[in-house]
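Next up: some structures, all given as structure tokens.
Presented sequentially are two complexes of subunit A, the first with subunit B as partner and the second with subunit C.
Our next item is the complex of A and B:
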């Protein structure tokens, strides 16, 4: 007699609560009578709020109308989205000439193209791609947005940007398909795998030079109409100001934070006073100073573009906040790390660049992204000094004669836009955090 | 403290040398504008009737038309113009520091502003005045019945001060409810948050037109303040002051003489009226003192129209107008009992 079964027992089905929807409901929402009551109350609240929102915003809403009076005539208690839709170009592109809007779109598209490799797996040299975005893309985009005569400097920089963009894109496609980098691929195509390092490097430099010259010659014939900055506006302007603010905040913040921790008294005192002065003043004051007081100190006829003044003010302001975030990160790094870096013979900059900063920045990501989101929202203050950024445009709708008084709908639309942008930034930062701290998952 | 005072003194020296350079190279405003190739004209954040953005991103409104008229007088084209929208906190600074060439916005001409802000008001192009709006079913028909009422008003404006004066003088104990934003003020009024709403009458007209049921509200007959609105320029450039002032006068004179956008070409070639001929540059040389071309007034009318046309388009019953009737008001021509009176072209 044997107690051991020879056949394997068939596996039991998973419990109902794990597989069916009803089971899930029972486990999560109706597990006890208290939870049942809470669930019912919550469902009722959600239902009543979303019902009126749905009726106002969708079912009773007017999507096509000539003016607000017509909206009222069609539906007196629904949203009048027609005004927002008609103002669409203003909201996104400001007063940019309507036949030139493709330039703004192209600029945005190029940025996506440029930065997309940063998200893609298997692409190498992401640091280089990231740096080229910060240092070369602005020139290409700047020319696209502003247009006009290209000076020799802009010619050189836009050419560099175009060459770099082409290189980046080919490099990323190669990385995705074959796992090789662009230089490796070029060397292989030319059959120079066996050549000496120096020879390979010279070949690559020659290819780069040829590409540069060709692109330079091609771009000479390419000019676009000048668009004065005063025609910029809407979402475009918001993204330009906050984009520049965000990209300059981190390097500026790192320099100021290192300055503040420096042992050289002059540098330390300068950094501390700079940070404290700008941090203790509201952004709107800095903006007013930059745009209205600054010209009073300048000689007559010297008119610095107001947009540049605003951008400089925003950059300085955000760098100061970033400096304190970076300093907090630096202080979280144990002294042992600094000492260890010294024992392997790294100097100050080597220690900072290869040992301390990479660890510190990782810890700072939530705070950094917090500052970025704050900065993006703070840029709406420029509407007070007369720039028609996103918020300025949304508020102007209610003053346009055909749409007089239409102000709920534009602001709700603006809130949705801001939410999408900020939420995307926050999501990307989570992604970075998870990826960078894979080694220390608890 | 030593290094700081050193830095300060260096800064002061630098600033002074810039100031010195300013005096040495001073140019007239007209020269600066001509050199730049366009006029910089300051308006405020969009305000119905006076300056608005349309869905295509263009500015329109009666004050914008004044800007266009000055641009036309100088360049012969109303498009050689940059409209600057500046918030009211910094409007006078932006004029003083040379960012704007002129100011054409709803700034009330007052003694204090005229004498202490380094600016000169040119010629009134709109007579506004503060009034009240109430719901029709409240039964109120006169501002004198507003005793003890709560009144919605924008804060930080002369409107708020006028309301306080009116309440005190008439011993009415009006309770103001103040707002930063006109849309929120209107919503509160519509929801019954205050008994009446006070604003300039032009503003009341446009507020009312935006309500779901405009017929349910009435504007009371009393006008409790004088709000003459005029373009302003920096003090100290008489020629520029004259140019802006006479641009406004040209618009008014053109209406009085019956010259408008449509008939100006015909009038120039056929009119026998000496005033019209002098204005349009056919006779005499009235342009010389202004430093403008002979056809400057012709260009204004050709590009922008006369005062009546502008009024009809943006203040009156035009498609983009806010619907304030002009007949019998202060903004009618002096020949019809109003206050619009311009010195002659002679």
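Our next item is the complex of A and C:
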């Protein structure tokens, strides 16, 4: 059985099917008779559908018209995008006063500014930036959207948010340029590197306090006119509701999932019933309950506006779904990880925060993004209980007298919008998964 | 058994045991459901003592040492570690766990953290040591287990032997008074067993109190002050290593030794 090979084997080219396009076609589309027939049929279907779509949606479409009748007059069998274009602002901003729309845009811009550092290299303390997005940004955005008289609470919170935003931005620029964090930079500028930890901390706190007072004084004079929530609508409203739902789903879901695994029977039973009740009822039912039944349980004279009720309902609903996702993620963590965390002396919360959750969350990314996408789409249900979210606005077009009966174009436009957002989210989650698992191979 | 034969010739490590008692088990009993795993266990361990526990699979060795840092809860009897009685008091448990290091058969490193972060997690968050200092401590232990160059890597990028040495260093970073080892080499390929045992022999030489569950008999002869043989939840026999291996008293021990020494 012995053998010896003396010459080296020279590398040869890979088979054609691996390298060329024609080879790929042969291997994947025309490998057998059946495959060839299926390919030809599919090509025919794709061709005819896209051809008529192209003719209807682009070639024969009407882009500028005053009303639907005019659309018909110009082109009988083309899409009437004119209606969608005229309603464009409504689709995105609802009935938000036209001269105030900059506030919505600014709110979105600030969110981008706030979160961008999370994706930048060399920026430190990203956890803090992430947490501040969740806990401070909503107040600033909330005031921008709602406006009106700032109570003392909103003064305090918006000031905090503004200080934090400025701090984040400077911190990120410093991080990008010098790799240093803002506190390190301040300490260095003040020449306090040698000072004790306590001294350094006090210095930083003093700077923070001064910044806070200055910003507080400046923002006192700044008010924007009130916009009642009933004027909110369109894409803006959809994003507000689903955004709040999404940000509260994760912490809520983690708490519920931990409750479900708790050793204390009371907490466990409460969490399980809560989760199971919400999960066995459709969202639309929860929404109806929230808007019609909820007020009955409230004390006399206590009126919550419909939007708040809807948001609470969406948050509870999404938290319960997230709880199950989190639970599945927790179950994927081997027992040895818990034990190892215990043996280095970590208590329950330390173990969860540093060992278990970071690993579980990574396993959960596809499911989390999946539920985010689901939530974004489910939010359209609020149009049924009378909020004019994106879907509500799209359907309102067909009720508008000049555009009466214009159903298809707005809905197709809405579908395209949702597709772009959801597809981007799922692509990004795929990218995250790959990126996060790159560091550790198993 | 193969890896440590060389060390036998170096002779046994001098005993570091003092008269101070650090672990005391008194009539300890444990059940898993209705299955009686530990039966009337009595054991006294002195400071600096090195104990090797052996016995057939399922005899309760792991359960015994896991009771000592309360990864398992015993139902009857008392366990006193470093002067503290283990009971339902969570503060005591956390305290004991930070004084007792443990190394597992399957390493159990944290895969999402770098080696250095694995080592500094406990010191920073449990011991509240400043980051820079914790880093220095961690590096010094990585040097002791001879892999300082791996500090920035992730556990998945290391070989089994390296991972187990990191696990030992991780425990040592907490500056424990007692180290428990549960078959630290049985998941390793033969050529890696030696590098881990070498680290453990060095650790033994520093006077650390150690309880080691292992079937590496050469290692047991080198470091152990006492060998304990367990079978079906009983401590059947305990003796100093030479007597234990050359002159076993009970039939169960003889049978066990003949099995593991013949292959």
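Here is the rule we use: the second predicted complex is superposed on the first by the 387 of 442 C-alpha atoms of A that agree within 3 Å, B and C clash if a C-alpha of one lies under 4 Å from a C-alpha of the other, contacts with A are read in each partner's own complex, and residues count from 1 in each chain.
In this section, a residue touches a chain if its C-beta (ideal position, glycine included) is under 8 Å from a C-beta of that chain, and two chains touch if they have at least 3 such contacts.
None of the values given here were measured: they were computed from a predicted structure.
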Partner chain in contact with A:342 - subunit B first, subunit C second, else both or neither: second
First (subunit B), second (subunit C), both or neither touched by A:350: second
Which superposed partner A:251 touches (first subunit B, second subunit C, both, neither): neither
Dominant toucher of subunit A (residue count), subunit B or subunit C: B
First, second, both or neither for A:148, with subunit B first and subunit C second: neither
Touched partner set for A:396, first subunit B, second subunit C, both or neither: first
Which of subunit B and subunit C A:288 touches, first, second, both or neither: first
Sites on subunit C touched by subunit A in the complex: 69, 71, 90, 94, 97-98, 100-102, 104, 106, 108-112, 121-122, 125-127, 130, 154-157, 167, 170-171, 174
Of all residues in subunit A, those that touch subunit C in their complex: 197, 334, 336-337, 339-347, 350, 354-355, 358-359, 362, 439-442
Footprint of subunit A on subunit B - complex, ascending: 15, 18, 21-22, 25-27, 32, 45-49, 52-58, 82, 84-87, 89-90, 93-94, 96-99, 183, 186, 206-207, 209-212, 319-322
Residues of subunit A defined as touching subunit B within the complex: 68, 72, 76, 86-87, 89-90, 94-96, 98, 228, 230-231, 233, 288, 291-293, 295-301, 303, 306, 384-386, 388, 392-393, 395-396, 398-402, 404-405, 407
